[in-house]
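Next come the structures, one after another.
Each of the next two complexes has chain A plus one other chain: chain B in the first, chain C in the second.
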Partner chain A sequence: MAAKPFVQIENVTKRFGRFTALDRINLDISEGEFLTIVGPSGSGKSTLIRLLVGIDDVTEGTISLNGTRIDTMPANKRPTCMVFQSLALFPHMTVGQNIEFPLKLRGVAPADRRTRAIELLALLRLPESYYGKRISQCSGGERQRVALARALAFDPQIIVFDEPLSALDYRLRKTLEKELKDLHARTGKTFVYITHSLEEAMVMSDRIAIMRSGRFEQIATAEEIYSRPISRFVASFMGEVNLFPVIGRADGTPDWPAGAISARPGALAVAPGWTGVLMARPELVRFLDAGQAADFTLSGTLTAEYALGSRIQYSVDTAAGLVTVERPFETRLTAPVGTPVTLGWDRAAVHLIAEAADGTA
Partner chain B sequence: MRQVSRSTRIALYLYGAVILSLLYLPLVSVGFASVSKARYLSFPIKRYTSEWMTAAVTSPTVHELVLTSLKIAVSVTILSMVIGFFGALAFARFQWRYRGLFQKIILLPIFFPQTVLGLALLIWFSALGITPSWKTAVVAHLVWIAPITTLIIAIRAYAFDPALEEAARDMGASTLTVLREITLPLLMPGIVSAGLFAFLLSWGNFPLSLFTTGVDATLPKWLYSRMVSGYTPQIPALGVLSVIGSTLLVAVGLVLMRWMRPRD
Partner chain C sequence: MERLERRLGLLSALPIGILLLLSFVMPLLLVAGFAAMPQKVFELAHLPDFSSFAVIWEQGYYKSLLRSLGLAFLTTVILFLVSWPLAYGMAKVFGRFTLVITILVVLILFVSENIRLFGWSLSLMKGGLLEGYLRAWFGFSFETPLYDWPVIVFGMCYVYFPFMLFPLAQGISLVPDDARLAASDLGASPARILFEIEMPLAAPGIMVGCLLTFVLSAGAVAEAKLLGGRSVIVLTDDVESAFTFGQNWPLGSALSLTLIVIVALLALVPISRIDLDAIMGRKR
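Let's look at the complex of A and B:
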């Protein structure tokens, strides 16, 4: 990361009446970065980007861009542009007029506006014939591209995205995620994207910020968040992971409050009194044949099998609760549901998350 | 849509015919009355004449009446469109403390019996020392019509995404530019239909005008006084001409709205 941050959000608090939507947020964004903010509904992610572009005002704290404070500037003076969830394309204008709108505001001559709009249509892989089309004649994916073209025409320092893909069907969303990542690479702009899907964030982002109840839970690369989540909340955001509560005994060996897991002596050392959870990803848990060993073993009964396409997911009922196991489709088990099985995984596959005794991170 | 059986279809046509005749038979009979040579309408009409129509069109009294009615209706239309536009924005775009209450209170005049409202306004005008004229009638009409235009425009304002205005502002548009480039064009169909309503309601209004025009007379007020004393078929003739005028206005308005509507 650069020595001096491009965007610096310092101690930002936003209150609506007595409700605190954002609580002393700090975030630095580098120039040209693709940062995604992930969080459940009501976590404050939309509020944060509305403060960033200036639609709402901060209650406390400062936002700076290139060392200049922008939180006191009105929205129409800030070099930021938002792609709205609804896209906010103007229905009474054509595709071309929509793209040219920010240029028209800036007083660019009609001929130059048109040239730029057609360039942008090409950049977004829309045919030139779309220039005169009505917004209502465009499909969902095409509207997405028009909204992006309009944002690029404005040529802001930062483009902010408010879940613009959430209304689209799965396949189109997957295509556009890749296009957006590609567009980011080609334009070199700073993108700030918000979504409630960590999966979506992982496809596109340089860094991911996980938000919870108006605060950041973890800000890191996709890889870091995937393999070393800082809390149970972050871990559970990625879908099905196996979490086993752990308490450190006085002799430094683990105790399993939810049910016994056999650990090879010395496989896991925990400080006396340490409280937390052990995370084991479903794809790193194996079915052990008789005689096979692993650092951690757990026996149970196979209760369900789900085909996920390229992978198969199994549910195993054990003394420590239901455990999820995933493996490639090619290695599908021959054993039927109801068969007793032994599960095993190794020290390298686990990640420990420390928690306070009451379960909070 | 569901396919209907032959008998249901016939029943539906009958129903339609009954409703239409109930609505339009009175108008048609007024039309006949205006072209009858006889002073009082009786069927079958023995002799047709256009003399009453000609009299209605050429009479200087009628010209003056039409002018007064037009002055009132045009003023009411313009003012109620402006008031309705800003009122609708206040409802649909801003959160403020007594918004809900205000929204209900502003509609009350619509439910008020107009004669009572007219009388109340007359009392007010005389209490304030204002001599009633066509100008006071404009105020009286506005009390009743502005809530209606506000309602019509508000329906349109509620239906459009506030993100459109936010997006325009975000891209550098000033408040005035947002109003001119986004809000106004998108609300325009609502504003035009509100204007049509305002004009027609003001043009045809009798109870409010009766109390508040003073010595000035509007067309409905004059028609009423002539019906009470001194009826001639010139009255239905004027009525018919007025209906034709209104119909043309509505037609122009509908064409205008069709032309402006974003195809969404």
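Let's look at the complex of A and C:
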């Protein structure tokens, strides 16, 4: 990461009437970074990027870009550009006119505008014939690319994305996620992307910021968030994880309030009085055959299996609640639903999340 | 299925079709027929003759035609400029308050146009409501603005205001908020947003509003009569006198037909270019 932050968001608060949408947010973004902000609806992620591009004004705090404050600049003077969820293409203009719009505003000569628009069409893998097409003649994915080309034509310091892929079908979304990552690498621009899908964030981002009720819960790399989430909220955000409450006994051994898990002596040491959860990812939990051992074991009954394409997922009812196990489809169990099974996982597969006694992080 | 739908559509359009044929197309054809008759005849059983059009030119009737079109154009421009901010507010800013404005504007329509214009005439005349009270209370007197062309334009603006306001508001509501925000984000100033995004996207509403006011103003009778007091002769005055005092139906018909053709030509250009479905709220 660069020594001096490219974008610096300091103590930013945004209130709408009496509702606080953002509460003293701090965030540094480095130049050329792909940062994704993830959060459920209403967590304040949209508000934050609207402040960044200047659609809304900050209530308190400052936003600087390269050391210059931009939060007081009107939207049309900021070197930022947003790709809207609706894409906000201009329906009365052709594809070419849409892309050229920011250039036209700057007074670029028509011939140069056209050259640049055609370059951008090529960069986004759209045929040159699309230059004269109407927006209504373009498919969802093509519109997506036109919106991106228009943003790139503006040549902003930061491009901000407001869930632009959310309206597309799964397959197209997957393709465009990869294209976006690729485009980021080729253009070297700073991308700030918001989404409510952590999966989408993981595919593309250098860093991920998880947002919850107007504050950041965790800002880290995808790997870090995936394997070492800071809270139960972050852990459960990316889908199914197994969480077992843990309390530290006076002798330093774990106690399992939700139901007994047998831990090999010395496998897990917890400080007396420590409260939190133990996280075990579904793909790191194994089915143990007789005689096999693991640091943690738990027995239960197989209650369901779900085929997920290349992977298969099992639900196991245990004393500590329902446990999810995931494995490659080729290793599908022969045992039918209802069979008693023993689950096991190792110390290296677990992550401990400390919590206050009332369950909050 | 599709054929059945088409047949049903045809059937349901039949009653209004017959009504329009009898009340709209037939008179139009009659007017067109009389326009091609010799001077001062009262039947269509004559050889076609275009002397009426020659009379329009020779006796200077074209001046009142130009005057009518000019006043209508001025009315349309003024109404557009005056209505845009209010229509914008109704479509984008006022929220629930829009309903109050709509009701207030519609309420005015409940009183007949002639009565309202008489009201203005009584208010503005020498010794009328306005000047009379001002003179009695403050000893301040002014010349009446009545009986001149500006007051006619004022009267037409007043009467045709709703015909501009509502289509404009409807048109502006078609402009997506995101398009405006995106334009600003891409560096457009408010003026550029107005001219390059909002006006083109509101074009269907602008065209419907302007057409309605222009067509209505060009054929207006009452404003010139009641406020202008016949000091300004507009085309409709000439048409009326040709049919009544003049007893010259072919001349009256030729004058009407000229106005109809000019207005129709002016209207055809924008109508062919806008998407009426959009303004009627049908999905595109």
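One rule holds for everything that comes next: the second predicted complex is superposed on the first by the 361 of 361 C-alpha atoms of A that agree within 3 Å, B and C clash if a C-alpha of one lies under 4 Å from a C-alpha of the other, contacts with A are read in each partner's own complex, and residues count from 1 in each chain.
Methods note: a residue touches a chain if its C-beta (ideal position, glycine included) is under 8 Å from a C-beta of that chain, and two chains touch if they have at least 3 such contacts.
Keep in mind the model is a prediction, meaning the values are calculated, not measured.
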{"item": "Superposed partners chain B and chain C on chain A - clash or fit", "value": "clash"}
{"item": "First (chain B), second (chain C), both or neither touched by A:W274", "value": "neither"}
{"item": "Contacts of A:V53 with chain B and chain C, given as first, second, both or neither", "value": "both"}
{"item": "First (chain B), second (chain C), both or neither touched by A:W256", "value": "neither"}
{"item": "First (chain B), second (chain C), both or neither touched by A:Y131", "value": "neither"}
{"item": "Contacts of A:A88 with chain B and chain C, given as first, second, both or neither", "value": "both"}
{"item": "Residues on chain A lying within both footprints (that of chain B and that of chain C)", "value": "53-55, 75-78, 80-82, 84, 86, 88, 90-92, 101-102, 105-106, 136, 150, 154"}
{"item": "Chain B contact footprint on chain A (complex, rising order)", "value": "53-55, 75-78, 80-82, 84-86, 88, 90-92, 101-102, 105-106, 134-136, 150, 154"}
{"item": "Complex contact set, residues of chain C against chain A", "value": "176, 178-179, 181-189, 192, 196-197, 200-201, 203, 284"}
{"item": "Complex contacts: residues of chain B adjacent to chain A", "value": "161, 163-164, 166-174, 177, 181-182, 185-186, 262-264"}
{"item": "In the complex, chain A residues that touch chain C", "value": "53-55, 74-78, 80-82, 84, 86, 88-92, 101-102, 105-106, 136, 150, 154"}
